[in-house]
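Attaching a single structure in structure tokens format; questions to follow.
We call the chains A, B, C and D, going by the order they appear; numbering starts again at 1 in every chain.
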Amino acid sequence: MIRIGLAGYGYWGPNLARAVAVMPNARVEMIADMSPPARERAGRAHPAARLTPSIAEMIADPAVDAVMIATPVSTHFDLAMAALRAGKHVLVEKPMAETADRARMLIEEAARRRLILMVDHTFVYTGAVQAIAGLIETGEIGDLYYYDSTRVNLGLFQRDVNVIWDLAVHDFAIMERLIKARPVAISASAAGFLNGSPENMAHLSVYYDDGAMAHLNVNWLAPVKIRQTLIGGSRKMVIYDDMQTSEKVKIYDRGAEHGTDPYERMVSYRLGEMRAPALSAREALVTETEEFLRCIETGATPLTDGASGLRVVEMLEAASRSTRMRGFPIDLVTLKEAS
Amino acid sequence: MIRIGLAGYGYWGPNLARAVAVMPNARVEMIADMSPPARERAGRAHPAARLTPSIAEMIADPAVDAVMIATPVSTHFDLAMAALRAGKHVLVEKPMAETADRARMLIEEAARRRLILMVDHTFVYTGAVQAIAGLIETGEIGDLYYYDSTRVNLGLFQRDVNVIWDLAVHDFAIMERLIKARPVAISASAAGFLNGSPENMAHLSVYYDDGAMAHLNVNWLAPVKIRQTLIGGSRKMVIYDDMQTSEKVKIYDRGAEHGTDPYERMVSYRLGEMRAPALSAREALVTETEEFLRCIETGATPLTDGASGLRVVEMLEAASRSTRMRGFPIDLVTLKEAS
Amino acid sequence: MIRIGLAGYGYWGPNLARAVAVMPNARVEMIADMSPPARERAGRAHPAARLTPSIAEMIADPAVDAVMIATPVSTHFDLAMAALRAGKHVLVEKPMAETADRARMLIEEAARRRLILMVDHTFVYTGAVQAIAGLIETGEIGDLYYYDSTRVNLGLFQRDVNVIWDLAVHDFAIMERLIKARPVAISASAAGFLNGSPENMAHLSVYYDDGAMAHLNVNWLAPVKIRQTLIGGSRKMVIYDDMQTSEKVKIYDRGAEHGTDPYERMVSYRLGEMRAPALSAREALVTETEEFLRCIETGATPLTDGASGLRVVEMLEAASRSTRMRGFPIDLVTLKEAS
Amino acid sequence: MIRIGLAGYGYWGPNLARAVAVMPNARVEMIADMSPPARERAGRAHPAARLTPSIAEMIADPAVDAVMIATPVSTHFDLAMAALRAGKHVLVEKPMAETADRARMLIEEAARRRLILMVDHTFVYTGAVQAIAGLIETGEIGDLYYYDSTRVNLGLFQRDVNVIWDLAVHDFAIMERLIKARPVAISASAAGFLNGSPENMAHLSVYYDDGAMAHLNVNWLAPVKIRQTLIGGSRKMVIYDDMQTSEKVKIYDRGAEHGTDPYERMVSYRLGEMRAPALSAREALVTETEEFLRCIETGATPLTDGASGLRVVEMLEAASRSTRMRGFPIDLVTLKEAS
């Protein structure tokens, strides 16, 4: 029975606790949150868990084997480092840390102590992303040409992070899972239209060493909510639309061919079948929690380990730098070299 | 009665001829096309028009008052210049010319001879774009924050131009009409996935001097056809979806506000009404042809005159340069200075 | 403080309890359910409520002022009658009873004892239906021509009721709210395709005394979920699409006119604006619970009182009879006469 | 070379003429229309065809082998009978005649003279309907449970026919093609909301001898255009949405199963893959015209022969009778008995 300590019971923490609660080989041992109402909610939902206002106390508790960190980004590094130093395995919210340097320090600490360090990139564990990963791995998509994501909506403003760190982080994590090529450069533009708020709109282009490209459109000030990714390959193309309640992933059996009539506009394409595969209806967070527990028990490397979390943070840093220079391309040469 | 000579009866020429044919104050005088089957089709549709394989002959014909040029891009400059020198008014397909320098020469020639020079930016004359322009001009949108367009589909490959010159040109023309601020820089990324073809996917970010931004996503290798533009303003937001058969333009009465609860994810927005205004069902090409004839008769400056055509070409050139440097930002300082 | 006793903590009961819990002038006093796991769930969510396996005991308890009944349809009459006889106000799940006769007995009993009898027609209290009711009452829709609803999905099979009693009941309740005219006849067809199951597909036509018509398409065996109602009026038309996350109600400013060209297919219509009004985001069940409490306190008649619940049951009975005779029309002459 | 005479060059006639014009084994010999502007348009599009104001003269012309009739419904019988008596093969617009008796007379006349009599049920020849027919014939759908069509839009009012004869006729023709069982009864409701116009809204239920059902929702006074048919089978379900530009036909690999938990709402279904097959992009009218010519040349029976046209008219007649009795079911016992 792996005993989990949960740091933070605000927006996301309750979801983590709920996922742990359904695991046969783990239990919520302690929940730490400074806010009295948060602790009261935690107590109602998890009567067997011990409650404390002090995350430090929880980290130090010998009855806690692993710590899940669901606190604001600015605290991720200190809490994760403290937990590792106390000999606890760590699952930390995305983004893993505020800087790549700090992410590297966490990776080193975990490696030195042979502890599991995992980043909560939840989307990677959804049925949709798993299905797309399968399409790529079996070769059904062919060579991956591009990943083009639109992730916009209205009003989820945050004070401590801008729209890149809030929304693009999801796509970077998904790209980590889907794209085997190495990202070599990033060019990004951003704008903030509300005084006193961080950037709320950004467009990011990522160049890969095999010629593939990724593009992310993230925006907190859009009239409607869109969660749509186009994925192009040499054999098939995919639309992943997370706003659909069914048919989230559609695979298109189409390809373009060159036309030949010199006097007519060249319109030539073959058109084939489309199919929407059955997706796992399993909750992503349950799959992810199982992965964390499995790695703790076996010593295996998590799918979303510290190294992948680091690469996501490196992309976020590079994108942020590029936005300050109107899209000036930032090299990502060191990315994935150690992996 | 304004007598029109039409150069090129391939993909677009027949539409121009059809628009002229319904005008009370103009007629299709001559149609020139090298292709015998094209001339045969022209003859059936416009039995009263004279047909010729020689555009030069048509330009020289004293019975032709104005020339419409619907030939490949590489011929636009030479044909338009010849027509102007022959004293004819000119309507030329977009893009106006292959380079900004050549576009400037056409503008000067037309000015010197006091002839109308108009560029066929058809989208500017659609009911949808006219309605959006009205929303901006009346202040209903408020300050314009961004223009974000997705214009992707499968298979309209062309050999002589890449996807930027083929598709982004439409958005640049629309932006010319809608955005009063001055574009100051452009950053663009592009990729071509098919050997021997020009770039088929590009993302372009345009920076304006008042902080507004535009972004264009153009792609010939997408699984589905999307023609969707989000427009954000300080008062209202707009979705312009050209694939809808009705409700192409939707205006959202929403705005974001800041939330305050420090322990909860900040989700706070006011939500208001949406409306889809009635749009003019008039064919854009008919409206545009009337504008051309009106300017010929009155000497007025067309809405899509040579100067606007030049600025579109300057944007196309700058975007193309940026794509060769992975999004390196290109300054557009000279744009709109003369206007 | 009105003390509520809740009968049944299965699918719907927890929602009722949750709504009561947020009321300032009521509390969940007791929860009765035969199932031990249901009582365990109830206890966790409502620690202050007393739990009992016996609904009879709860109804007899002097500390209970009003009873909410969320048990299977076949038990509605007996439980509601027992509660009324014990002097308790009653909110009963839809449909109110299995037969119109029994519904009438409940109405009489409540009237005799001056108790509130309300039927839980939740849809009537949604922001969407409230908005449409407003459009009708202000005359914006004009004369109501038709109500045409499609309510289909896959797999919510029930054993004790067929698709008419399960799904059409929602539309009948909405029609009760929206349509002022008197229903005079009903013709319905139905079919059951799975052995041992009740009818899973039905189509119902309702005739009104002013010429208006309603039609309901209900189906448990459809490939996709559709919740779409078209409402036609002499001035405007409405689409109410409950599957949309935003813009659930759209109002169309269109009207048809007669064409006149004898040689052409007559296509003539004027086309105007569409708008989607801002809807109340308040949870329907909260609004409904407030209505129940308000009527208990003031003696007012609920919007969805026993009389409206009876008319819904009469429609359900008539529809069921018609389906057994392949659409033979059943007169509804007595409906709404007493109202 | 089969020489075609075309009667009527209004709304539909030009489409027929265009289809004939692309056939290698036929030509448009004559076009007859009373309207001078119609003849002028016909002359421009088909310069080689002889024009006449007199359909009688055209029917009598020895250079005409077959007659296509695209005139108002009320003239179908007289013109088709005259053409058959003159020894011409006949393709007649739908509906074939105003009454089933007249349709039978045409069938008998054609049989007696060994002439081809075909009804222009164009939808039967679309790629979508052909694909669905294939799914049924191969057994992929399993037993056909239901056909449920919504065919509504705004403003195509006609004076000589009501909405059933105008729109439901398409579904009856498609059902003729898809459903092998025998229709045994029909129940229909209808209403007309505009003074002086025929019924503009109707709902029709058709009962089949194997328990299958069909339902048609047709309406000229709807706020949006919908062309959507749900088809349920024991193995798969289909959505045929003719308003989609791609993916018109979607096949769902789902099925419902019974749930068993007595305390919970029974929600149980298996969920599988969806696919949208590649459809023939061939124009339906071209396929249909080929069928007509092939039958003339070989003596084969057309897919949409007189017998199928008769059954469609019998359904239209029965539906119309039922609407006058508020859905009273009309037996269709004689239908398909002769076939």
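One rule holds in what follows: a contact is a pair of C-beta atoms (placed from the backbone, for glycine too) under 8 Å apart; a residue touches a chain by one contact, two chains touch by 3 or more.
As the structure is a computational prediction, the values presented were derived from the model and not from experiment.
Ranking every chain by how far its Cα centroid lies from the centroid of chain D, the top place goes to A. Annotation: 52 Å between the Cα-based centres of chain B and chain C.
Chain A and chain C have Cα centroids separated by 42 Å. Those residues of chain C in touch with two or more other chains are numbered 224, 246.
In terms of which chains touch, the assembly is arranged so that all chains touch all other chains.
Contact residues of chain C toward chain A in the complex are 44, 47, 224-225, 243, 245-246. In the complex of the two chains, the chain B residues touching chain A come out as 10-12, 35, 37-38, 145-146, 148, 150, 152, 154-159, 185, 187, 189, 191, 193-194, 197, 201, 203, 205, 207, 211-213, 215, 217, 219-224, 230, 232, 234, 237-239, 250, 252, 254, 256-259, 263-269, 322, 325-329. Residues 246-247, 253, 271-278, 281 of chain B touch chain C in their complex.
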